[in-house]
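Right, I'll just put the structure down here and ask away after.
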Amino acid sequence: MTAGPPYTIVLGVIGADCHSVGNKILDAFFTDAGFRVVNLGVMVSRDEFIDAAIESDARAILVSSLYGHGEIDCAGLRERCIERGLDSVLLYAGGNLVVGKRPFAEIEAKFKAMGFDRVFPPSVDLHAAAALLRADIEEAVHART
Amino acid sequence: MSSTPLDWKEMQAEREKVLQEWPTGKDVHLEEAIAYHRGLPAEKSFPLAMRKAQAGKLLLLQPRAGVPLIDEHIKLLKYLETEGGADVLPTTIDAYTRQNRYAEAARGIELSLAERHALLNGFPAVNHGVEGCRKVVESVGRPLQVRHGTPDARLLAEITLAAGFTSFEGGGISYNIPYAKDVPLEKSIRNWQYVDRLVGFYEEQGVAINREPFGPLTGTLVPPCIGNAIGIIEGLLALEQGVKSLTLGYGQGGNLVQDLAAMHALRAQAAEYFHEAGFADFHLTLVFHQWMGGFPEDEAKAFSVIALGAAVAALAKAEKIIVKTPYEAMGIPTKEANAQGLRATRQIVTMLQDQAITTDHEAMRRESGLIRSEVKCLLDAVYRAGEGDWARGVVRAFADGLLDVPFAPSIYNRGKVLPMRDNEGFIRVFRKGALPFSAEIQEYHRARLEERARAERRPVSFQMVTDDIYAISKGRLIGRPR
Amino acid sequence: MSSTPLDWKEMQAEREKVLQEWPTGKDVHLEEAIAYHRGLPAEKSFPLAMRKAQAGKLLLLQPRAGVPLIDEHIKLLKYLETEGGADVLPTTIDAYTRQNRYAEAARGIELSLAERHALLNGFPAVNHGVEGCRKVVESVGRPLQVRHGTPDARLLAEITLAAGFTSFEGGGISYNIPYAKDVPLEKSIRNWQYVDRLVGFYEEQGVAINREPFGPLTGTLVPPCIGNAIGIIEGLLALEQGVKSLTLGYGQGGNLVQDLAAMHALRAQAAEYFHEAGFADFHLTLVFHQWMGGFPEDEAKAFSVIALGAAVAALAKAEKIIVKTPYEAMGIPTKEANAQGLRATRQIVTMLQDQAITTDHEAMRRESGLIRSEVKCLLDAVYRAGEGDWARGVVRAFADGLLDVPFAPSIYNRGKVLPMRDNEGFIRVFRKGALPFSAEIQEYHRARLEERARAERRPVSFQMVTDDIYAISKGRLIGRPR
Amino acid sequence: MTAGPPYTIVLGVIGADCHSVGNKILDAFFTDAGFRVVNLGVMVSRDEFIDAAIESDARAILVSSLYGHGEIDCAGLRERCIERGLDSVLLYAGGNLVVGKRPFAEIEAKFKAMGFDRVFPPSVDLHAAAALLRADIEEAVHART
């Protein structure tokens, strides 16, 4: 799969969400795609994401939310990252992020406004997502240096 | 914790504590609740509906549905009753309540009010309390069931049963392993013994309450034997606490023969185990779940997944079917989409209701015999692990991987089992972990998977499992390479 | 008219006259047409697609579709190819063209242009001529079939075959009795011998053309034996004129066992009759039509009728399925609705493609045996009536009611047969008119219907027939009293 | 069923339309409902309807169109009736009257503008239609006397 340095990423399903199937697939997929995946599994709190990112010096946090409470659970994650000194970490979100069937553009706008760098629907092509992730990380790395 | 009937008197101290977990608990008064139930019309009794379904060979249609605000929830259920033609109604509980996070549920109610759209994925029954729940019970004309996914559902049960709900879904395994991350099985089983005992108390007072273990588990390629074995154990644990009206569940796997065989095996084998354990006074029915895994996004395709499930349920002569909607892959459905799922299901069910397809043939006998042998392997091992105590046996069996649910989030689940479809789409076991299958059974699964590997000219591999997980949402049953 | 191969040379005078029936006829030049066909890529050959389907055990999906204007028609077909995933494409002809009313079709084209919406219910291929039709052939990537309902389709066949269509639906009985009021069978059979002979000529030149008698007839409770018998006769008449690629059709009846049994019987019995008649060099395939009677108005319910049909076709291992749409009860579908029907069908077909349900059991054997005996009764009588000549036999058989299609509009159809569902939804014969059934068969039908009458506590009556006609559109299979 | 005098009505499917099932049911139904039905079957031309109505002294002509060409086939029927001296006959139309799925209100307006007294969708309750028909005929009879 995509070649390149094994950037570390933190993966998990936020809130009280128990949907574990997609999480297991994402873990296997991003590992295969050459990332070092710190997978927190399901039911991960905001602070657990941040703790893990700090601890592993991760470049990106990949938040999944399937069960509909994403809107509540993800609010404030970016602020909390900054508060805790994680100011350049990439935030990605994906899944069935809100309750109900709403136009994806609307959902994307909402989550971008919350501070997420990229937002994905459930039908996302994972290869495309991995390529974006690598590019975004590399851009961030260059920006820093 | 062990597999013994809880003493009702001893349970009272615990009940008091439970009722204090959230302010609404104080409104639960059992005597008043019993009287309230006695005053409910017969058409609101779930156990009665299940009896009538069995006697009349009817397949009852039930949607999933729950929104945060009471009035909206009532509107939704009424719509599903009139426009959807639902036979029995649900109240699906939101995910904070399921985790006993009532403060967050309260915030969800507030935000939903403020933003004028639902921000919770279900009805927070504990927050709404007995009074709020009774508004729902009194507004609809059908029996109501609580559907959720709560490892500790003691308070939820206290409140909703007191409010007049007459069926309660879940179980100590099926509402823990697929729904929680780090709740020990000892705790969830014990908490569900409480729920079952509470139901048993209602039954003692002459108020019938239906109980329904959650058959589909993670809903994703679960081999029939695993669901059936867990369903039978949860049935035994429930009967022990005095449950009388029991509905065991099965989630559509996708292969017609396997689905029919599994339903057939479940009905017969559950009754055998219950009788063998000395229970006689129970009423057993089956519920079939339309495909519980990932759905196609396209609504036309989703309709077909719904229709195929409906057809199998009708042919399997289930008593109840849980209906999906054309929005399944996208999000919680609108009431219109939910009613569409019901009407699509009704059309199939009614077209098939007078039809029978014979299950008395070689392929069916083979598959149903296989499932029964597998279930026996699993249950024998659990029984041995518990030294005759099912509850203790379950805890040890999960610890040792003798029971193991594919793709489950719980850390108390080994997670070593990988299922995979064979060349005809039967769900088989690719990596069995520590499942105590006989050599013969293992060999059968292996041979079936090899057959597929040959057909696809690729080795049996993890990629096939991933492909199978996506298959139905991509419009296929078996995840073959293109 | 008699059952003999038409002499190609003798037919030329007639061809000339036919080609003068409408100005576009003059553009038909057979040699040029043959050359044109030879230049078409293999993926546009219908006979080849049918062969590949059979060899690869695939079920090809085909929609119905036709709009008056060429560009719109091309857009529609392309959409069904890409968004619907149709495997083979149709061109459905408007109802004026079907009645050779080309002047009215011309007016329909004009009005459709003027009012900017379709006022014709199909594509007026004769009016558009060879050149117009070739635009269609050249714009799509799939084989194209002409689907219509034309008692005298000589000019239509000349033009569309010259234009590069590679399949032509219809037959002297099936495109007369359900589609016309007062066209004598002698005429329609003779005119279809012309069409078949024309196809035979193309075959002689090495250009394969598929022919498909219209199996479902009136689409309304037609007992399988009637459709099958007529299909076999039309097959014999076609083979006689040199047709090689033959697809016989069956319209879903609604009872799974009966539908599977009927498809099974049709495939076997047709081949037997064809071989017995001395034909060896033909390729026989089957097409299954999703429910052809009245549909439910509700789209969710319509989806389920579509899905059930798809399931039966897949399990019956048909080579092709004709797909309905969720708009069926309302009107000609939009391209979107049409593609939805295709995608819903695809989902079922792909989920079932690797599955088999055994047909080797008592109920199936009984029903398929019954259908074959009934068909034999009918065919024996036709053969006798024609003194060994199938064409003449058909004319006399219809006159005497030995063949009789329920609810057909033609005055050459006796219309004495009334079908009715039995207690399991099998289509049986309530009033047999003069159908030459054996005493045993009659008795079997009577007994099955009595069984239903007892179950419904009402006598077998015409009301039941009416109820059955409405049943599926009202969400049921059997028209039981509520 | 509905009691009352056996008014004569003419029934048929207009144009090149071969849909015969509904026609057979309408025949049986209106006969049972106490009307004298002159059923012309399918593929009936405008003049055949009018001929039959004149010949049988019918109070109403019930036109069915299922196949979609109703819009073309029915245009001018009212004018032709008047031309031929049938100026008080009731005209009813029912079925899938136009090509495609269009809002019924639009179809109804279109056919009323063409001179039809009542217009029905395929899902019409026949009992209701029969009651309307009887009432309309009776009103017309009173108006005449």
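A, B, C and D label the chains in the order they appear, each numbered from 1.
Rule of thumb we're sticking to: a contact is a pair of C-beta atoms (placed from the backbone, for glycine too) under 8 Å apart; a residue touches a chain by one contact, two chains touch by 3 or more.
Quick caveat, the model's predicted, so the values are computed rather than measured.
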{"item": "Length of the shortest touching-chain route, subunit A through to subunit D", "value": "3"}
{"item": "Far-end chain from subunit C, centres as C-alpha averages", "value": "A"}
{"item": "For subunit C paired with subunit D, centre-to-centre distance based on mean C-alpha positions, whole Å", "value": "31"}
{"item": "Subunit B and subunit C, separation of their C-alpha mean positions in angstrom", "value": "45"}
{"item": "Subunit A-subunit C separation of Cα centroids, rounded to whole Å", "value": "55"}
{"item": "Multi-partner residues of subunit C (each touching 2 or more other chains)", "value": "none"}
{"item": "In subunit A, residues with contacts to at least two other chains", "value": "none"}
{"item": "Graph class of chain-chain contacts, one of line, ring, star, complete, other", "value": "line"}
{"item": "Pairs of chains, among all present, that meet the touch criterion", "value": "A-B, B-C, C-D"}
{"item": "Subunit D residues touching subunit C - in the complex, by the definition given at the top", "value": "15-21, 23-25, 28, 41-43, 67-69, 71-72, 96, 98-102, 122-123"}
{"item": "List of subunit B residues in touch with subunit A within their complex", "value": "94-96, 98-99, 101, 104, 107-108, 111, 117-121, 149, 178-181, 218, 220, 293-294, 297, 327, 329-334, 337, 407-409, 462, 466, 469"}
{"item": "List of subunit C residues in touch with subunit B within their complex", "value": "254-257, 296, 298-301, 303-308, 310-311, 326, 339-341, 343-348, 350-358, 360-364, 423-425, 472, 475-478"}
